[in-house]
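Here come two complexes built around chain A, the first alongside chain B, the second alongside chain C.
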Partner chain A sequence: MIKVSNVSKKFGRKHVLRNINFTANKGEITCLIGINGVGKSTTMKAIMGLTPIDQGEILIDEKKIHHSMYENITFIPDTLTMLPSFTVGEAIQFMEDFYVNWNQERAKELLGFFRLNLDEKLGELSKGNAAKANLLFGLGLDVDYVLMDEPFSGIDMFSREQIAKVFTSHLIEDRGVIITTHEINDIEHLLDKAILLDNGEILKEFYTEELRSEEGKSVIDVMREVYQS
Partner chain B sequence: MEFIVNNREPVYLQVVRHFKQQIAKRLLEAGQEIPSRRELAVQFNINPNTVQKAYKEMEEQGLITTEKNYPSKITTDVEILKGIRNELIMEAVNEFVDSIKVINVPVEELLEMVKKNYELKQTNHEEGESK
Partner chain C sequence: MNRFIKLVNFEINRFIKIFIGLLVLTAISQFVSIFIAKSDYLNQAEEAKYASSSKALEEFISSYGTISFHHVTNNIFFVAPIAICVALMLLYIFMIWYRDYFGKNTFIFRLFMVPTSRMTIYFAKASTILIMILSLIAYQFILLPIEITVFENSVPSELLSKVSTVDLILNNMLFTTVLPSNFIQFLLSYGVGLVLIFAVFTVILLERSFRWKGIVLGILYAAFIVIVLISPILINELVLVPNNGFSLYPKEVFYIELGLIGLITAISIMLSKYLLQNKVSV
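This part shows the complex of A and B:
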């Protein structure tokens, strides 16, 4: 379990995170929702220990984040960070050479699933294929927790559908997944838990099935209430 | 099998209803194996935990049976299977009656209209299928 407790952070005088509290469980997909600049990515980076926090505590399986834990948690940014001159195949080779927890079997399966071409250069991939390759490099690692920044944004609908399929499949296994998005449309039935952020604060946190059964509302209904009020 | 999700109703209940409809239409038979939880999640494009919850609900209602390490199967209990058909029919009839009773139509007139409409739709449906 990832447990974020009372986390606050300021950039200068601006509060980017205010008293953030939530948990993300293994075997569940947790989604941080909010329009741009509300603190979603900062929260992810704070969990990864990539940005310092001013207050509060973040525990991963009851331990504070530490370099040794990168074998158990990974962060997939919203753009490819590998050399654009690498081909897909070379990038996979790089991952296999440099990461002890790289799972070549799963990577091959993902490659087939996404129908990516091994010989294509990363810098020449379409947006949709770049998003898929990016996901492949993260999901190919044997880790218990995967954090993904905007895996669904700015790509065509067919790529969205294909990526959505990964979330329902055994390729995710029983890992704990946290994703961020500002576009909830057509992915809300993939989620276990939704966390609505605004201005660095959590406005609402709920299990999507509980929302449907207790209030008869969709996540989009709640977003309208929360963000347009 | 097409499955369209309504995001305002618990998805696990929609999955249960889908299975009941398949059973009532005899597209799923007594004792037939059903997809694993993971397979169904991919097929319907929904969260695997939701499928898990739907299967648990169906086990509790006696619709499916699961033995360890084997795929789940539709029950062979004839009474339960009959009950499903009746339950779906009664649900639809209740909804229909609730919506029509506000208009105060005499029941004989209504039944005649239902019959005609039903026959018309069935012919249209058959024509549609033979195309």
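This part shows the complex of A and C:
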């Protein structure tokens, strides 16, 4: 379980995160929802130890983030994290060289699934294919937790559909996923838990199934209530 | 250790094309300098018709002297590639961090998510720079005897003053700086170089941690280092000599400087470790 407790972060005088509390469990897809600039990406980076926090505590399976845990948790940001001069094949080789938990079989499966070419340079990929390559480098690792920052941002409809299929496949099964998005339509039906953020604060947190069965509402209905009230 | 070696190898591969370009440039430019120095001198000799009689030869030599490889090392085409290498390596100390942050893709995300401590990444980058610098120096010292041989074989023996590679290194300020003749001097030269690398790394990490405030802190840190390094000389000249009438022996100043270099290196590494673990933000 990823446990975020009382986390606050300021950039200069601006409060980016204010006393954030939530948990994300293994086997569940948790979505941080909110418009741009509400603190979603900062939360992800804070979980990964890429952005230091001012207050609070973040525990992953009851341990503070440590470099050895990057074999167990991965972060897929909204930009490519590999050198643009690398080919897809060279980037896969990089992952294999540096991560014990790199699963070459799964990488091959993802390559086929996303129809990526090993010889293609990363810097020359379309935005959709770059997003798929990013997913490949993240999901090719045998990790318990996957953090994805805006995986659907700025990519075409067909690529979005293809990426959405990943969430219902065995590639995600049993893993704990935290995803951030401001485009909820493509993945609403896949989410287990939604957390609505605004101005660095959590406005609402709920299990989507409970909401549907108890109140008959969709995530989008709640978003309208919360953000337009 | 394994990941450290892989990271060093990775960093070297990223710079290898530019590095090979520098090696090629250095060789070409220095061979051009041989050609120019030799041609300029021989043209003058031809004009003086030095080969027509032994008297003409004597007169020419008494006016212009003989030619040695020192003429080549004073040529701009010999020194320029060395200056370019120094400038590029200085630039590379900054580039090795900043290119991971900026550009089309943000590689720093991947680098900081490699399952190894950030200090391993830090030392891999520092080691890469040291390997590059030492390789360039070694390359120059491999080139020198070849250049001397080519030069001496292309100049008529009666006009030539032969210079051995060792003599050249011992009598040229540029070469004595990069390859000091005694071990202590070697420690001091390379110690200052090491301090420079670690100090610049600390300044970069201060900037990456605190942005604009970090630049100010970086400048203050650099000023602190300069003051600490020149303090033994200042104390000697401004305090000890005027007040007590005695000064520290050069050897004493030397050992104090060595100690200070060690101290600043340790402070820079510790400060960098703190920043990498607690402050640097991606």
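We take it that the second predicted complex is superposed on the first by the 229 of 229 C-alpha atoms of A that agree within 3 Å, B and C clash if a C-alpha of one lies under 4 Å from a C-alpha of the other, contacts with A are read in each partner's own complex, and residues count from 1 in each chain.
The rule is simple: a contact is a pair of C-beta atoms (placed from the backbone, for glycine too) under 8 Å apart; a residue touches a chain by one contact, two chains touch by 3 or more.
Note that the structure is predicted; figures quoted are calculated from it, not measured.
> Please tell me, clash or fit, for chain B and chain C sharing chain A in the overlay.
fit
> Using the touch definition from the top, say if A:Glu28 reaches chain B (first), chain C (second), both or neither.
In the superposition, A:Glu28 contacts chain B only.
> Name the contact category of A:Leu83: first (chain B only), second (chain C only), both, or neither.
Once the two structures are laid over each other on A, A:Leu83 reaches chain C alone.
> Report for A:His170: first if it touches chain B alone, second if chain C alone, otherwise both or neither.
A:His170 sits against chain B, while chain C stays out of touch.
> In the superposed arrangement, which partner chain does A:Gly123 touch: chain B (first), chain C (second), both, or neither?
A:Gly123 contacts chain C only, not chain B.
> Touching A:Asp192, do we find chain B (first), chain C (second), both, or neither?
first
> Of the partners chain B and chain C, which touch A:Glu209 in the superposed model: first, second, both, neither?
So A:Glu209 only meets chain B here.
> Draw lines from the C-alpha centre of chain A to the C-alpha centres of chain B and chain C: what angle do they form, to the nearest 10°?
160
> Report for A:Val219: first if it touches chain B alone, second if chain C alone, otherwise both or neither.
Only chain B is touched by A:Val219; chain C is not.
> Pick out the closest CA atoms of chain B and chain C after fitting on chain A and give their distance in Å.
In this superposition, no C-alpha atom of chain B lies closer than 28 Å to one of chain C.
> Do chain B and chain C touch any of the same residues on chain A, and if so, which?
Residues common to the chain A contacts of chain C and of chain B do not exist here, since the sets are disjoint.
> State the interface residues of chain A toward chain B in the complex, per the touch definition above.
That would be residues 27-29, 161, 164-165, 167-170, 188-192, 208-209, 212-213, 216-221 of chain A.
> In their complex, what parts of chain B are in touch with chain A?
5, 7-13, 38, 41-42, 44-50, 53
> For chain A, which residues are in contact with chain C within the complex?
Interface residues on the chain A side: 45, 48, 50-52, 67-71, 74-75, 77, 79-84, 94, 97-100, 122-123, 137.
> Using the touch definition up top, name the residues of chain C that touch chain A in the complex.
3, 6, 10, 14, 103-107, 109-110, 112-118, 278-282
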